[in-house]
Every structure is written in structure tokens, then in C-alpha cells.
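Chain lettering (A, B and C) follows the sequence in which the chains are written, and residue indices restart at 1 in each chain.
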Amino acid sequence: MRRVLPHILLAAFGLLMVWPFLWMLSTACKDYASASTPSLSLWPGMFHWQNLPDTFRAAPFGRYFFNSFLVAGTVSLSVVLTSLMAGYAFARLRFPGRGVLFALVLGSMMVPFEAIFVPNFVLISRLGWYDSYAALIVPWCANAFSIFLMRQAFLALPADFYDAARIDGCGHLRFLFRIGAPLVRPMVITVALFAFLGSYNSLLWPLVVTADGSMRVVQVGLTAFNTDAGVRINLLMCASAIVILPTVVLYFAAQRYFVESALGAGIKA
Amino acid sequence: MTRMAETFAALPDRLLALLDSLLDRFPRRMGDIPAAVLLTAPALLVLGAFSFTPMVNALTLSLRGGKHGDGAFIGLGNYLDALRSGEFWQSLTVTIYYVLGTIPAMLAFSFLIALVLHRISRARGFFRTLYFLPYVTSVVAAAMVWRSLFNPRGGVFNLLMAWVGVAPQQWLLEPRGMLHLLTGGAVNASIGPSMALCCVMLFDIWHGCGFMIVVFLAGLSSIPREVEESARIDGAGGLRTLWHITLPLLSPTIFFLGVVGVVRAFQAFNSFYALTQGGGNTQDTRNLILYIYSQFYDYGYWGYATAASTMLTLAIVALTALQWRFVGRRVHYS
Amino acid sequence: MTRFRLWMMLAALSAACCLAGCGGSPKSGPTQGPSFRPLDTTSAVFWDRQITEIGALLHRLADEFNAAHPGLPIKVEYAGDYPDVFRKVSASIQAGVLPAMTVSYENMTAEYIPTGAALDLDLLIKDPKTGLTQAELDDYFPAALQPNRYADFGGKMYSFPLSKSILMLYYNRRVLAKAGLTAPPATWDEFLDQCRKIKAATGKPAHAISVDCSTFDAMVFSRGGDVIRGHETLFDSPQALAVLDFYATLTREGLAYRITPGTYQDNEALGKDEIAFTFRTSASRTDIMLLMQNDKTRWGMARIPQLDPAHPATVLYGPNVTIFNTTEEQKAAAWAFVKWFTSPEITARWAVGTGYLPVRKSALDSPEMKKLFDEWECNRAAFDCLDFARGEPNITGWQQVRDLVVRTLSEVLAGTREPAEAGRLLKQGADEVLARAGRG
């Protein structure tokens, strides 16, 4: 009993956690009539595959996915690069103003994004980036939290590594990318995953800086779908499911590398 | 062919070497400065352009009256207006309810789950994934699902209520206080968080606890097994070990999650926005960010809104500093 | 880094914030010249909010226009729902880059005018070559044109009617029949009476409420009242209080329930024979027909109940178009499109395809419209309201007042505020909002 009790507890709460997903999938499988009939059962009782083509016909989700992947992928890569470099510098290099700069970086975490939204929009427009991939990507290419995490990862490496490499005459850049980066790989994956999720799941910024349908990302497409007159709950759930799916797949793929210790390193200040 | 591939593969290395040799050309007395400039420049450029500059712009904006930042310089007028406005304080109250209602509950729940997860060996990865799942999904998509669940007419929550024999509830549409409803009307309806706000909190606890669980697991796995085992050998019971050994050793984790959680909770926007259709027009689910947002984007009072957001930012900074000062000191570092 | 040092830095940061604030660096906003840069130089961008079939029709019409007209092509871009459009335009004005034109409600346009972004359309209308003749101008419904003249801004025409709609009562005949009713209510008393009968017969609420300021305004109008006089609101007038009372009665007696904002649960419930009544714009006609599976015997639409059916009144709404102060080329293309779109033939096609109303009187005589009217007697209902429908206030600050109204209605519906007190507080709050907007 004592051995299965934790599993029972975890399963019970786990069911609560995934229950909305199961409900979503179940509703996505139904036709409109049974989807709008109240029911507690999670088993759809039917598989109305027509929902899938219907959803894709209602909005060009193919194009939305292309945009979202392109944007989130580029953001993710850039964030890894900028935070690797800055994190290393803040952890291992000695230079005047290091403390103040780092505090400033951390401080930017505390400014609500909504408060600096319009000044950013004005900047994007003046740069002529309105309705372009640049507007969706560039402002998100660095973020304080990733820099912080990466710095913690480099701090956690034993100092001997650095000293040995320096004695061998290895420059900072070679060390960072050839020796340092592989050593902090769990953190790299973590930062990449979080950056991807953050970009893929963002809504307000893409809504404001893009106009053309060909530049729309999936979250914007989903809200457009939502405001649709006389909304079809089954199609809505189908759309939600296909929007959620890539992040779930990505997480499953990344979790092999995404070990807890990566985040654990972030805590020891 | 192979030579070409080799050359190509060596290209990054050669580039790095080249950059390093360039850095070496700087006088030795400059130390790490050239490298630091090179390495921090990309991040600082982006942050400078899209975080710091707008921050300063927002600050100067907050000293101007009128709409869209084109009014006259009025000093601290906007700040005083905000402090005198009932709606400002009302939305701050909502924010505070939200912070108090989510962070402790999330910490406790996540800690419990992480503790159990840490003990088991079979199916651990499976369960961890299960609990982390909500965190990776988009708030927009998840909120759509939850809005359907909360639907007062035929929504799943009301079906569950009927199943256990409780009257159907209005959930996200219920502006009356949770305490009022729970006590059968003994408490005034305007006291405490509304039921709608509690629904938003529930959603965010669901959505955000995966992150905390994973961080807690990280913290737990960094505690050497021998420490707990030796305590147990010394005759300490499970709860005593937890209280005297595990919790103190985990205090940096708890502290970290507390600080990050509070900062994020003060800035909560997406869930409010997506669940209540733009924050709703009822005051009970309009937190400070939504209030600022509507003053800014819907009504065009840029100066006023940036004044309010500046005060919010200062409050967050001050609160974090306080946490650091008074709680952070007691945190046990191994 | 030690915790203490980090703490010190946070303190330094907050000090830096304060200093930056007191330093007062130069104003960040762009200097606003008389004209704005166009969003796209190769086409005249039209920011719109239509999606689904209606959006598809608009795109088709734009293509048709582009094929037949020289000059810049029109490019229709989806810009989110109305609040999104408003935010986007507001931000774009600050950025100095604007589309050629945008859909816009009067209260939204009223916010664009002071920035110099909205173009005075009288200049275009009066142009002898490309403008409109007096005869053409007289063909537009006065109720559609009139709200586009802004009294606060010299009575100039800063927007133009694009497609209008009217608040309608949609009813479900099957549910009415359950209570032995055959006709929809003509007065508000009849409405309450029928709701009670239906509740008695079915045990369920008869009406689903979508809380909305325009619906509230229409109800006040239909009781012979108004919502504003000059810059003072009339929310404590007997008519306004009667509407609040009406809502309080509906919830108190369990005759109606509130739907989730932003959804169309009322339309769906109507389609599933769960409720008898809902109030929606005439543009919902095509959606409800879909939900009713094209069964015209199941439902109908009628004008909203009135206090005195002999002197009816209701709200005319639906988007206008605002043309922006960009280049001559852009303005010309935008105006050519607006003129074409509101021509009798196109406005009739638009009305038939969407459920919106045409903006021209002569459109009612077009073959398409006649065919629509012949198909079903209810198709006429909205058009019959055109004579007595009128627009909502077009003053600065009204956007915020609308939100206050929605909040007040929510409070009354939740039973947390008595109608009389709610009306008084609403008036007080709304007047403060308008005073503040006037100061700005």
C-alpha cells in the first residue's frame, strides 16, 4: 500500500491537470450537435474527422504555423546566442560596471511589458519594420531571465576549467563556444525551450505589429477564430488542439535533455 | 569533397580563433574589457532598444498630461491623480488578492507534488511531463478551453456541481465575493476576491505550477541523499526530517520561486485578458496591469497610464528588495 | 554575487529609474506634421475587422474594384476586432504611419480627429470631378450620414457610412409556441409578460443577455429617452432607470441569464430552441439562419420592443470608414473605393450577402433587395427600422463611457447594485469621464 500510495496521489492530481486537455480533445472529435450538448463523459463516442479539414479551411493555419515556427525558431536561436555570450561575460569576465549592468538587466524583468508596448511599436514603425518578420523577432532576441540563467550556469562550473583553458592559451570566444557551451548544454536546451515557448505563445505583440494575413502567427489566428460569429465549439477545440500540439511535441523531444538540474543551477545565487 | 567539408566544418573554429586573436591585439592592461564589450553587446543592444529606452520614454511620458503624450508638462500630476482615483486602488486590491491567492497555493501544491514525485522511481518522467504539460501550452488556447468549462450553461464545472448536488454557479461571470458565497451571504459581497477572480486564480495555478514543480524537483535532487538518510537513522520521523532537514535545504529554491512568482503575478495579464475578454468591464477582475492597459490603449491617457505603471514597477522593485532583505537573509545556503 | 550586493543594485536601479524620471529627457513622440506616411506605397491599405463569409465577400468586392479601377489597388487587411483596430490605429498615429483608411465607429473616429490623422471628407465629397452630387448625397440615409458629422469638431464630416446595422429582436417560434404565443412582443411590457409565460411553460429563462452599451442605448431610445445632452449624460433619466429596472427584473425573476462576454451563446441557445429571445444586430441574420439550419419556420426577426409602438426608435450602428491624412494618391484611391462601395448596386449586394443594411435609399429598389424581401417577410424587418433609427454619441471619451455602462449593467444583473443607485453612479462616473476627456 505504502508503495502505490504516491502513484495513486500523483495520478489523481495528474488527471486533474490533464483533464482540460482530454476534454478539449474529446470535444474536438465531436460534431457540432453533440459538442454543444452538455456532457461529463470524456469519451467522444465518435470521431468526426471532418473537423480537421473544416478548421484548416476556416483559417489558413498552415501559413500561421510556418510563421510561428520561423519566428519562434529564430528567436530561440538568437536568445541562446545572446544569453550564452552575455551570461559568460557576466559570470567570468572582469570589467568595470559589471554589477550595475547586470542589475539593469535584471531590472528589466520587473518592467511590465504592457507598459513599454507603445514606445516599442513607435520604434518598430520608425525603423520601417511594421508588418515584417523583423518586428516579430528582433525585440525578443535577448531577455534578462535567460541571461540570468546562463550566468548561473557558468558560475556553477568549477573555476579550474577556465584557468586550465586560459593557461592553454584558449581565447574567450573559443572557450565559450567550444568548451563552455557543451558543458552548460542542459541550460542551453532549457533557455532555448523557454524562448521558443514564449515566442510561440505570445499574442499581443504579433497582433499589433502585423496586419497582413500572410504575417499572422497561430495565436492571432486562434483569436480571430474565437471572435468568429456563431462560434463552433468543436472547431474551436480542434483549433486549440492543433495550436497546442507543437509545443507539447517539442517539450517531449526536449525533455530528454531538459533536466531539472538545469533550472536547479539557476537558483543558487 | 571531404576536404571541402572539412574546411567548411572548421570555419566556425577559424572564425572564433580570428575573433580571439583580434581581442588579443588590445593592450593587456585593458584586461577583459574588449571581450566583455563584444560578448555583452548583442544582448545589451536588444535590451537597450526594446526595454531600457522605452522605459525612459515611459517615464518622461508620465510627467505629461493630456492624451497620447502630447499634453503639457504637469510634473507629478498624473501620479497624484492615480493615487486619488478609486479605480486605481480597486485594481491594486485585485492584484494583491491575486498575488496572495496564487503564490502560496502554488508553492504548497507544487512542493507537495514535487516531494511525492521525488520519492518514486517508476513512471517519474511520465508524471513530471503530465504536470508540466499545462505550462507549455498557450494561455490563449488553454483559456478557450477553460472558458468553455466555466460556462454557466452546460459547462463542465456546473455539471460537476450538479453531480455533487450543489446549485449551478456563474463562475467567471460572478462578481460577488467568494467569502459572500461560501458563507451564504453572511459576509458582504464586496469583501474579498470575487468568484470570477478566484476562477482566474485557479486557471493560473493550473497553468503555472508545472514550472514550480520542476524547479522544486531540481532543488530536491540537489540535496544529498545521505543527509536525509542520516537524519532518519538518527531516529527522526518523516515529517521531522521534512521540517528540519528538507525544507531548510530547499529554502533557496522556495525563495527563488517566491521572488520570481511574485514578480510574475504582479504582471499577470494574459490569463486575465483571455479569460475575461479583455479584462471584462467588471472591476472585480481588473488588475492593475489591465487598468493601466485600458487607460493606455483604450482611452489614450498615456501620461496617466505610464505614471501608474511606473508606480507598479517601483512597487515590484521595492517588494523584491524587501523580500531579499528580510527573507533572503534567513535562507539557508548549503 | 552576494545577496546584499544584489540588493544594493536593485536599490541603485530604482534610484536610476527615479533620476531618469526627474531628468526629463526630450519628448519621445514623433512630431506630427499635417500628413502621415502611408503604410504601403504600392497599395491603399484598408484595415478591417470582417472575417468568415463576410470577410471573404469584402475581399471579393475589393478584387472586383481593383480590376475595374486604375490607380492604387485596395488591399483589405484584417486588423483584429474593433478594440484591436482602435489600439492599432492609435499606436500607428503615434508612429506617423497609417493605412489609407480603416473601419471605425464614431466614438473611435472622435479620438483620431484631434491628432490630425482623420481627413475632412467634405473636401473629397465636394470635388466636382470625383465627389458626390447633391442628388447622390440625398440618396444616402440621413440617419447613416448624420452621425459622421462631429459637432465637437466644427460639424465636419470625418468619417463616412460604410455599412449600417440595426439592433433587432431575434425570436424562436417553437419556444414561443410552447407558451401558446404566436407573435413577438411589440412593447417592453409585452416582452416581460411573454418571458414570464415562457418561464412558466418551460421552467427555463426565455432570454439570454449579451451585455452591451449599444443595446442599452437602443432600449433607452425605444422608451423615448436619450443618453446624452451636450456633454452631460442622462443615465439617471426615467427612461435609463427604466432600462436598468428592466434588467433587474429579468434576473430577479430568473427570466434571463447573462452570456459569457465575447461569445455568441445566445445565438446558439436560440438555435437549439433553449431560449425565445435575443437582441443582436441585423448583421447576425446570416449566422442565425445557419444555426437554424435554414428553417425559416423556426424563427423570425422583428424590431425591438418599444414603449409606444406608434413612435418607435432604435439605434443605428455599424461601422463607418475613416480616411487618413496620407498622400494624395492614397486618399484618392480610398475615396474612390468608398464611393464605389456605397454605390446603390454594391451597397445592395453587400446588404444581401451579409445582413448589413444598405446606406443608399435607391438600393432598396434594386432587384437583389427585392428578391431578398420576397424570399422571407422577416428579411424586411431591419430595413423598415431605417426611418426611425438614429446613431449613438460621437464625442471624445464615449469609448470609456461605453465600458462604464457595461460594468453598471453587469452589476445590476449580478444583483450587487440597485438600479436607482447604479444609474446615479453611472451618470456621475460617465460625466467625470467626459469632463476629463474634454480637458485632454
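Note that a residue touches a chain if its C-beta (ideal position, glycine included) is under 8 Å from a C-beta of that chain, and two chains touch if they have at least 3 such contacts.
It should be emphasised that the depicted structure is a prediction, and the values quoted were computed from it without experimental measurement.
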{"item": "Contact-connected components, chain B excluded, all else fixed in place", "value": "one piece"}
{"item": "Between A-B and B-C, the pair joined by more C-beta contacts", "value": "A-B"}
{"item": "Centroid spacing, where centroids are CA-atom means, of chain B and chain C in whole angstrom", "value": "36"}
{"item": "Centre-of-Cα separation between chain B and chain A, whole angstrom", "value": "14"}
{"item": "Multi-partner residues of chain A (at least 2 other chains)", "value": "36, 104, 107, 118-119, 223, 226, 269"}
{"item": "Multi-chain contact sites of chain C, meaning residues that touch two or more partners", "value": "3, 6, 10, 13, 17, 28-29, 87, 91, 94, 262-263"}
{"item": "Chain B, residues touching no fewer than two other chains", "value": "55, 57, 61, 297, 310, 313, 317, 320"}
{"item": "Touch list for chain B against partner chain A, complex", "value": "12-13, 16-17, 19-21, 23-24, 31-33, 35-40, 42-47, 49-55, 57-58, 61, 113, 116-117, 119-120, 122-123, 125, 127, 129-134, 136-142, 144-146, 148-149, 154-156, 159-160, 163, 206, 210, 214-215, 217-219, 221-222, 252-253, 256, 263, 266-267, 269-270, 273-274, 289, 292-293, 296-297, 302, 305-306, 309-310, 312-313, 316-317, 320, 333"}
{"item": "For the chain A and chain C complex, residues of the former touching the latter", "value": "36, 58, 99-100, 102-104, 106-107, 118-119, 121-122, 124-126, 130-131, 207-208, 211-213, 216, 220, 223-224, 226-231, 269"}
{"item": "Of all residues in chain B, those that touch chain C in their complex", "value": "55-57, 59-71, 73, 147, 150-153, 170, 172-176, 189-190, 276-278, 280-283, 294, 297-301, 310, 313-314, 317-318, 320-321, 324-325, 328-329"}
{"item": "Chain A residues touching chain B - in the complex, by the definition given at the top", "value": "6-7, 9-11, 13-14, 17-18, 20-21, 23-24, 27, 36-40, 81-83, 85-86, 88-90, 93-96, 98, 101, 104-105, 107-120, 123, 138-139, 141-144, 147, 170-174, 176-178, 197, 200-201, 203-204, 219, 222-223, 226, 233, 236-237, 239-240, 243-244, 247-248, 250-252, 255, 260-269"}
{"item": "Complex contacts: residues of chain C adjacent to chain A", "value": "1, 3, 5-6, 9-10, 12-13, 16-17, 28-30, 39, 45, 47, 51-52, 77-81, 84, 87-88, 91-92, 94-97, 99, 262-264, 267-268, 272, 284, 287-288, 290-291"}
